[in-house]
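Before I ask anything, let me first share the structure, which is written out below as structure tokens.
Should a chain be cited, it is by its letter among A, B, C, D and E, assigned in written order, with residues numbered from 1 in that chain.
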Amino acid sequence: MTPPAPLLAARSLTLSRGGRELFRDLSLAIGPGDLVQLEGPNGVGKTSLLRILAGLSRYGYEGAVERSGALLYLGHKSAVKAQLTPRENLALHVGGEGSHGDAAIEGALAEVGLYGYEDVPSHTLSAGQQRRVNLARLYLCSSPLWLLDEPFTAIDRAGVGQLQSLFVQHVEGGGAVLLTSHQPLAVDYPVRALTLSQGSAA
Amino acid sequence: MWSFFHKLGSPPWLYGIAGSILRYLLPVTVIALVVGAVWGLLFTAPDFRQGNSYRIIYIHVPAAVVALAGYYVMAAAGAVSLIWRMKMADVAMKAAAPIGAALTFVALFTGSVWGKPTWGTWWVWDARITSMLVLLFLYLGVVALYEAFDNKEAASKACAVLSLVGMVNIPIIYKSVDWWYSLHQPASIKFTGESTIDSSMLYPLLLMITAFYCLFACAMLMNMRAELLEREAKTGWVRKLAAEGAH
Amino acid sequence: MSTPPGAAAFCLRLVRRQLLLAFRRPIDIANPLVFFAMVIALFPLGLGPAPDQLAAFAPGVLWIIALLSNLLTSDTVFRGDYDDGSLEQLLLAPQPLYLSGLAYICAHWLVTGLPLVLISPLFAVMLNLPAAGILALALSLLLGTAVLSLVGAIGAALTVGLRRGGMLISLLILPLYMPVLIFGSACVQAAVTGVPTGPYLAILGAMLSLAIALAPLAVAAGLRISIDA
Amino acid sequence: MSTPPGAAAFCLRLVRRQLLLAFRRPIDIANPLVFFAMVIALFPLGLGPAPDQLAAFAPGVLWIIALLSNLLTSDTVFRGDYDDGSLEQLLLAPQPLYLSGLAYICAHWLVTGLPLVLISPLFAVMLNLPAAGILALALSLLLGTAVLSLVGAIGAALTVGLRRGGMLISLLILPLYMPVLIFGSACVQAAVTGVPTGPYLAILGAMLSLAIALAPLAVAAGLRISIDA
Amino acid sequence: MTPPAPLLAARSLTLSRGGRELFRDLSLAIGPGDLVQLEGPNGVGKTSLLRILAGLSRYGYEGAVERSGALLYLGHKSAVKAQLTPRENLALHVGGEGSHGDAAIEGALAEVGLYGYEDVPSHTLSAGQQRRVNLARLYLCSSPLWLLDEPFTAIDRAGVGQLQSLFVQHVEGGGAVLLTSHQPLAVDYPVRALTLSQGSAA
């Protein structure tokens, strides 16, 4: 069997920020079925790498990134409009995906535990609930590749468990997930660990 | 004294008392308005200079007078809400603001409608008009600030602070605008401030002013009752009221 | 699951979203108007209330205030979306950024420029602008505020990544506003003095076409740079 | 470990912090000035450049612009600290909020009002203000901008908890700015026409004393409310 | 031995938000030596409770809170000025504590792993590093009572361990810590768990 074509391939990425070299000659490929956890201590360059891979950072690094197909990136900031309700946030999302039916949106909100909160302004939600609004996109979006920067921030224990099983389901269905997190994943699926360390050439 | 204060703090009591005041005040207001209007509009002689257009005075002047008084009512409620932390003062303040803004607007609007035949222009930068315009902004500021807050209790406190700041400033604003106007001494028309108004016109006017005061009080009480119901929607007495209403 | 929508549908969704955001707080729409009204009140206070003098200055003053109130709001076009991370998502969307930018600008004009156009006759009366100038004022504002929104968005896109861009933006875009101001107030002045206003409106229209064609390009480039700042 | 500092030392620290923040981006200090300069350039463009007319309007125009440039910056007094959570910390500090608020206002005036005062003679010359009026302009701005900063801070404190307070603040505080505008521009006008300016400055001084005494109270109350919005 | 006077006492707190009752008649007392973890799923009211206890929320709840002595509250927002360096952030803090000597500040920054980053603008720091700037205050502040809302957010594993030992050290020295976190604490000290649940009367 030939290995499936990668969804994302990066070749010899080198990045320095603020006079420190974060990584050098870093190459990686992510294909269908990959569940990759990017690890490393604070400030080692995980977010920077993720933004380069997503195509948000375009300047100041060397190397090349190739993406095939749509990707979903969720960063440190939650992209939830405080004035809009969770339902409106999902219906009028700027992320470029198709418009979802009302039933789909309600289903996704119920999945992330926001049943009953569909129509309150998002700024009245708690920190974790606001992040959950954003995470509901994972249930709606059809992009095969997910790049997630600390998706478990502010999420309670039950929520973390549920997200992890969603990731497994996604990669088992032919998708791929690259996430950063300081917590170990507790899943029944081989997790590829990608560890950055000071000045690493992983 | 204290028991009165205590009662004032109790929403059901306030709701009830406002209702019984309204029961008497509302008819009085309507009668005064109708009598004043009919008297003023139909049974007074036309002005020798302005003909019939002056009759708008029966709305214009009462609206202006009551609008100004309304601000002090609102600010006083704000002070009570801040000093004694009385929630019912919040309700009163919130109720007063839109009414005051509406009356100010009516005064300005009827003024311009009047100004066109009288002065040949819709608007002049007269001292009194300018300061009334500023008063409109002060009212609108309170309304807008209240709407902008989500936590309505915090909104009331913020509006209380704002209306107190406004109250300190109103005399300053009025004095300075007056003074500004006399400084520039424009060649244009002035209000006939010291004009002696004929008593045949004066009495209906006084009646209309009284009627507008009552109107203000009625509107405020009704607003307060609506606001009380909204705030206390989850409490027993409102539920009981709704149940009684259903029968 | 759904496929990504076409660019047109997507833009429509963006416009709807921005309008909804604005209408969620009606005060945001009323505010530029109130600002306009209040600054108009400042002018007689500063310059003196004599009606004929005011009338002479009315065209310029009205246009200067329109410009300032546009300046004050243009910072907000992308600011909110940058702060909460929506802008990152917009940049990653497959639809062309040129069109998305245009959608944002369009929504901004609908909630700030258009109400100003509609209410400008009232303010004109307050400043004693002769009746002959009122139509010219509304028409020139109609074209001019659209140009201002387009140009303002360039500044907003370039400074959105900077903390406290608010003031920097005025530095960047005020010079670009000046041609609009010159032709806009000249147009009203012309109408007041009885000169035909057609040429002025034509020039404003030409500026508008140019701005529609070019400004979204600059906006798209500016956003991509800002997100990386 | 150290004991909490006295209120005076604490206020000094706050002023130093705010000044450092401003100087970290010199553009923030230059900006009100540049805004002032550019809007001054707008007036001849909008109103027509006849020098004698300009001179007649210079006192009012200069004061109106000073007021607008203050208005533009007053939103920022507490905004940054609210957004990043510093304001919560300030409210929990044991020192009286009255004084901390005053420290913020003081810093704001030092970076916006004072530079304007210092550079105002230059702008006065640009608008052909007669030489007699220049000292009066600088002095009236000195007192007046301080009042504006104090009053503006009230609006800033009341709106800091709201998303997009930016425009609301102008509605709240512009009416309160008007007396300052009237006496400020009248003061310059008086100097130009040879009338003694003493009374005007005295009135501005009285306003300043009143504002210093009362505004921080309202600011403190406003901040406590806003943090809970 | 009489129990030590509490640093913080709350009596019959009741709070409803957005039409939901979050807690009713909640009373608690925290005294020297207490290490309390406030737990519960997202949106249950942990942050709201903490803000009431700290004295930040003043409207809309019933009950009384008594505080004796200074407290340190660190919330969801990090109170770090992006334009200032970590050193300046600590030296010019608005929290009302005394001014710290330069050596103390350097020491605290070194403790939280920011050695070498003392003088770069804070906005160039990573998410975790920015939170660490704020956490450095824990090493400087003399307040006996700490109220911490999810202090481990964005902190790497080593950092979490270190913070936990700091908490233990603080309570052993007669202080008290009340923190919220979705992660269990792994410390050698009795942790009082305070669990909020939907409509609880803990």
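Just so it is clear, contacts are C-beta pairs under 8 Å (C-beta built on N, C-alpha and C of every residue); 3 or more make two chains touch, one makes a residue touch a chain.
Bear in mind the structure is a predicted one, so any value in this text is a computation, not a measurement.
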At minimum, the number of touching-chain hops separating chain A from chain D is 1
Greatest Cα-centre separation from chain E belongs to chain B
Farthest CA centroid from chain D: chain A
More Cb-Cb contact pairs, comparing B-E against B-C, go to B-C
For the pair chain A and chain B, the C-alpha centroid-to-centroid distance in angstrom is 56
Chain D to chain E, mean C-alpha position gap in Å, rounds to 36
Distance between the CA centroids of chain C and chain D (whole Å) is 26
When centres are defined as mean Cα positions, the distance from chain C to chain E in whole Å is 45
Among chain A residues, those touching two or more other chains are 76, 82-83, 121, 123-124
For chain D, residue numbers touching 2 or more other chains are 25, 80, 163, 168, 171, 174-175, 178, 182, 228
Residue ranges of chain B touching at least 2 other chains are 134, 137, 140, 144, 148, 150-151, 154, 157, 177, 180
Interface with chain C, chain A side, in the complex: residues 54-60, 70-71, 73, 75-84, 88, 92-100, 121, 140-142
So, in the complex, the side of chain A touching chain B is made of residues 121, 123-124
The residues of chain C that touch chain A in their complex are 1-5, 9-10, 13-14, 16-17, 20-21, 24-25, 80-81, 83-86, 88-95, 100, 224, 227-228
Given the complex, residues on chain C that touch chain D span 25, 27-28, 31-32, 34-35, 38-39, 41-43, 45-48, 57, 59-61, 63-64, 67-68, 72-73, 75-76, 80, 163-164, 166-168, 170-171, 174-175, 178, 181-182, 185, 189
In their shared complex, chain C is touched by residues of chain B numbered 121-126, 130, 133-134, 137, 140, 144, 147-148, 177, 180-181, 184, 186-188
